[in-house]
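Just below sit the structures, each encoded as structure tokens.
In what comes next, chain A is part of two complexes: it sits with chain B in the first one and with chain C in the second one.
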Partner chain A sequence: MTEPAAPRRVPWDRARTPAFLQGYGVYAGVAVLLLANVLLTPHFLSAENFRTQAVQVAPVLVVALGMALAIGAEGVDLSVGSVMALSTSLLSLYLGYGPWIALIAAVVGGAAVGLANGSLIAFVGVQPIVATLALMVAGRGLALVLLPQLRDVRDPGMAALGSQDLLGVPHPVLIAAVLALAVGFTVRRTTFGRQLLAIGDSRPAARLAGLPVRRVLIVVYICSGVLAAIAGVLATARLQASDPTSLGTLMELSAITAVVVGGTPLSGGRIRIGGTVAGAVLIQLLTATLIKHDLPPSWTQIAQAVVIVLAVHAARERGKR
Partner chain B sequence: METGKPGSSGSSGSSGSSGKGVPAPMAEERLGASRAERLSALAQRHGALVTLILVALAASIGFDTFATGDNLANMAVSSAFLAVVALGMTFVVITGGIDLSVGSLFALGGVLAAWGSRYGTAVALLLPLAVCGVIGLVNGVLIARARLAPFIVTLAAMLLARGVLLSVTDEGSTTYLVDETSFFARLGQDTLLGIGVPVWITGALFVMGAVALRRSRFGQYVYAVGGNEDAAALMGAPVARTKIAVYTLSGLCAGLAGALNAAWLVSGVTILGAGLELEAISAVVIGGTLLTGGYGFISGSLVGVLLLKVIQNVINQIGSLDSAYQQVVSGAFLAVVVIAQTWLGRRRRML
Partner chain C sequence: MKSSAVRRTTTRAVLAAAVAAALALTGCARTEDDAAGDPSASASGDTGQVVATPGAGSGETCTVERFGGTRTDLATATVGFSQSEKEANPFRIAETASIRAEARSRGVELLTANAQSQFSKQISDVQDLIAKGADLLVIAPLNSDGWGPVLRAAAARKIPIVTVDRKINATPCEDYVSFIGSDFIEQGRRAADRMIEATGGKGEVAILLGAAGNNVTTERTKGFKDRIEAEAPGLRVVFEQTGEFVREKGQQVTEQLIQSNPDITGIYAENDEMGLGAVNALKGAGRKPGAVKIVTVDGTRNAVQGIVDGWISGVIESNPRFGPIAFDTLDAFTKGEEVAQDIVIQDSAYTDVNAKSGLGRAY
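Moving on to the complex of A and B:
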């Protein structure tokens, strides 16, 4: 998704500046980081480097897509990291039946967690943070019960998924791109997308308008769970190993950051898929830049924390409308 | 009362839209309350305690190793650290907020205490308190003054604290040790009248916390802010200052718990504290404090901590079960409690 030409006909007034900054600031950020890297980082402009960065960003992006749906519905899904762990455990357990069965098992696991989240939120009326927090704890535990320690994944199908490419584009990147387009289409062009945004804007109003609030919410969290499970599969394929203890830790934070940096307000009712993609790329570039300049991981974490707070602070202006 | 539905997420910064008022003293509640309402209030208040007693009884009948002095003393000391964290968390949750940074602050507090212990006990205790207090203060300012969503601010603080911890310890490769003969180490390891010093400290802190929450003006402001932020502001309560105070308090508690834990382990272990925030929140919620704010008690959090630790202990006693089951059980337990709370709350509002 390229940056659209902004309508410049309207006279520029100062009140629009933060809104503009919030909407398109993430693209500017990506551009600045790219430029800085081209100038300062040796060997940045190589196909191999871009390929590595793209493959690394793919799982985060896929998780962030699901997170964008949850945040658009005025919720949040903290269980995504644990769903990734659960998915890698299930994948590794069912790989004996062939990669497709294993893939289905992983996705079904993700959908089940999403269903539990959605039911707690839609039917019981628990706050999304709390409901997904419970599933976050339980999901990680379940993943560790199923697969107590790291296990190598030896399967030609998974190896192909992780390391081969189609027309020069690695498979994980291709899958992430297709999913981004699909989610973008769903949000923009389908009834479900409209209903989701209406619910995110105002749940009581959506209920009064006769929208199937509960059903939509459940589907949103199922989507988030399934996308997180797919991200878990992609990450497993890249690592060629299942590691339920560490896979996906802090993933919820990266995903929320990508979504928020991309200009989706935490108050719901708006989803920017293009911004989310750019947000995920921005975080990846930031991390990569710090690593390439030999700054320790501690700096990366501190920088990420600062970026999150700044992004949320910028997004706040828009939220007031 | 449609707005009172707990479906509104805490993301809007001001989560004070819940319809619960400031809890009246129990006596007053009893006067006009019907029988069913009284029952549901009782279940909310003492459900955790009853469960704790039942689980502890079942465990002491089921395992001969459960009700031994050693096991109980061990459990008390290991609960003490979580209890101190949960104490700070209780204040935050009653204001309707959430603090996800406590796990990292706990680890950071431990490392700083172990590093500082070479300069004496005062540094070992004050350094973690100062650093964690400042991080808590920044959380509070961002949440109260800049009006950002608590969960995202404290998530960022969790990352920040973890980053600081890594940079202090050479990316996690250095573990600072505490001199075992120092006064600071004895603070964690000695026993007084057969009970570990950390347990005494925790007990004292809980008494102070309960008094502050129940009997001081600050405590009333905490309830008022959680009950309805706008009403509290109209009433003249210092909403922003109260919020800043509770997040600072939570940071201080997490830092202190980390320091005590370092004294107990005689080292600043860098990998501690992951998931501690979840345990603390679970304990607070299990203790009957509502996540929507405005209602809760300090004693409940203590019961919640003990209940979690007893369950953990039982799972360890069973032995054949993986320790990962602890997480499954904790998560499921949290879900059940939240469902029960929502149900009880809804019933009470309908009556």
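Moving on to the complex of A and C:
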């Protein structure tokens, strides 16, 4: 009787802490890693270092943006790594016409894979994980048919894209930032974004409400394919070579990690673009920290696993509420 | 019934679309090489030769009598070649090309198979080659272990096997005849010698390791570190991270390295691709050619070009041209002569002295 607020405060904390962790834990993680590195890593606080981390994270982030859309629509896109490989093959094949034509060819290739993914999911009714798995295998195969081995890229436009900057910001970082803002705006402020989230929340309900479910799903996977193709172009520009055998391998897992760690639930209906950016940055900082301190590479994998388990744990707690 | 028909049409449509796409995409392609009139791509002559040094001193040998086979004539035989990885990197391309070229020049019928980096496929590839009538086998094994069933099938038919570039764990002259390959530990030692020469034996070096759990990685690392420890106490290995034998990973790791260790003296890359990634990273960071000494292993044309351009200090060759020596061994063996069980090939090296003239020899 004397403390009426006490029994209410306990469930409030229990309910709120995991929700807070799921939503903002990733920012806290980035902050902790930054602080630890400032204290422990030599030469960490330099413009050059932040530039390196940003340039390395840019392709992963661009892929993760598309992945966030797919996951928000209660799907997943496993074909992104293969789309990067296909994109680099097409780029190399068409670079003789100049960088712009080659860029268009690469993006069209990504859109075609996205269209195939979306059609299989929306019209044939294949599960997203199966449909995109098929395109993941087919995409890398096609990439290797087109370009069987590594080929150097000598185009000056591509070199500029990979190594020069605008007002101190490297081109890949600038492009990734613009794309993040565009995707964030689309999700929050457009009809398409709202429809996507509604479909992700409950596809039957969205269909009953008269939403163009098939069209939206196809556009989602086309977006994911195009973003992966752009990431492939950025990675190629940085490497100054087209290497379809290794480019983008395991990229789908990095992208899913970034999205999930960023607080987007795998059950769809909700997308956190800010969290996805932070998730990609978190994984990048984690890898960088372990490399800079020369720890065994197996540790990186273990550390990533721990982060994923923590993120999924936070999501599970929230689901139970 | 109806839905399955629909599904079949869809599958067919998807397949047709994929084939059409592949044709359309390549049909009007125009690469930089096409546009520039192809300056370099055509200069791929198979000029180098594998020079053998019979196994150091007390090399065990093998004869057709001890193996239990019968003498035959290589010229009338069918040789099967099983390649382990897809021909997507210069080493594998040069290796397969060398075997093919040698078979053609000797007029030997050659059957080939490629396991696409899947060990189970390589096992069935070899069984297929035997079933198709191969009298002799040349195998580039993906793994060292797990060859039991294939070797039993080959031994039952007394098919002589020569393995190239990697060894298999089995009894020589019983399960197989000979192993022909490079000494990866020696490659590491020679890379260390080159690194000591380039750095003057003082400073800090980093190692870009190959893929984990691979004998090439462990042996190239062991040879390098042992030699550094023994010969150059002033040189310290301060950084060892994997670049997984891939250029992109080599570049990313080197970018991190030169940020946290700006005074690094040298980088030892366990293959050329990672070394070229390191060159990219140094270029991106605005370093001058030669400021950081890079030593790599393999001998691909791009890396040798890197020496000419001043970015790379030395390339230790790992010669992939097994054709002549493999067929010489099979020829001698089938005639009844003694052949060594371990044939270590002589790898050369490229430095600033011979890089320009050696560019034609690089693969």
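Criterion: the second predicted complex is superposed on the first by the 306 of 321 C-alpha atoms of A that agree within 3 Å, B and C clash if a C-alpha of one lies under 4 Å from a C-alpha of the other, contacts with A are read in each partner's own complex, and residues count from 1 in each chain.
Methods note: a residue touches a chain if its C-beta (ideal position, glycine included) is under 8 Å from a C-beta of that chain, and two chains touch if they have at least 3 such contacts.
Just so it is clear, the model here is predicted, and its values are computed rather than measured.
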Put the two structures on top of each other at chain A: do chain B and chain C fit, or clash? clash
Give one of first, second, both or neither to describe whether A:40 is in contact with chain B, with chain C, with both, or with none. neither
Figure out whether A:131 sits in contact with chain B (first) or chain C (second), or with both, or with neither. first
Report for A:160: first if it touches chain B alone, second if chain C alone, otherwise both or neither. neither
For A:169 in the superposed arrangement: first (chain B), second (chain C), both or neither? neither
Who does A:243 touch here: chain B (first), chain C (second), both, or neither? second
If you stack the two complexes on chain A, which partner ends up touching A:301: first (chain B), second (chain C), both, or neither? first
Partner chain in contact with A:178 - chain B first, chain C second, else both or neither: neither
Please work out whether A:205 is in contact with chain B alone, chain C alone, both, or neither, and reply first, second, both or neither. neither
With both complexes superposed on chain A, which partner does A:74 reach: first (chain B), second (chain C), both or neither? first
Please state which segment of chain B collides with chain C in the superposed model; the candidates are 6-14, 150-158 or 258-266. 258-266
Residues of chain A contacting chain B in one complex and chain C in the other: 116, 120, 124, 138, 142, 144-145, 148, 297-298
Would you pull the chain A residues touching chain C in the complex into a rising list? 41-44, 46, 48-49, 52, 56, 90, 92-97, 105, 109, 112, 116, 120, 123-124, 138, 142, 144-146, 148-155, 163, 235, 238-241, 243, 245-247, 288, 291-292, 294, 297-298
Using the touch rule from the top, collect the residues of chain B that touch chain A in their complex. 2-3, 5-13, 98, 142, 146-149, 151-153, 155-160, 162-167, 171, 274-275, 278, 281-282, 285, 291-292, 322, 324-332, 334-335, 338-339, 342-343, 346
Would you tell me which residues of chain C are touching chain A in their complex? 7, 10, 14, 17-18, 21-22, 25-26, 29-35, 86-90, 93, 212, 238-242, 244, 246-249, 251-253, 255-257, 259-262, 273, 277, 280, 283-285, 302
So in the complex, the part of chain A that touches chain B is made up of which residues? 71, 74-76, 116, 120-121, 124-131, 133-145, 148, 203-204, 249-250, 253, 256, 260, 266-268, 296-302, 304-306, 308-309, 312-313, 316, 319
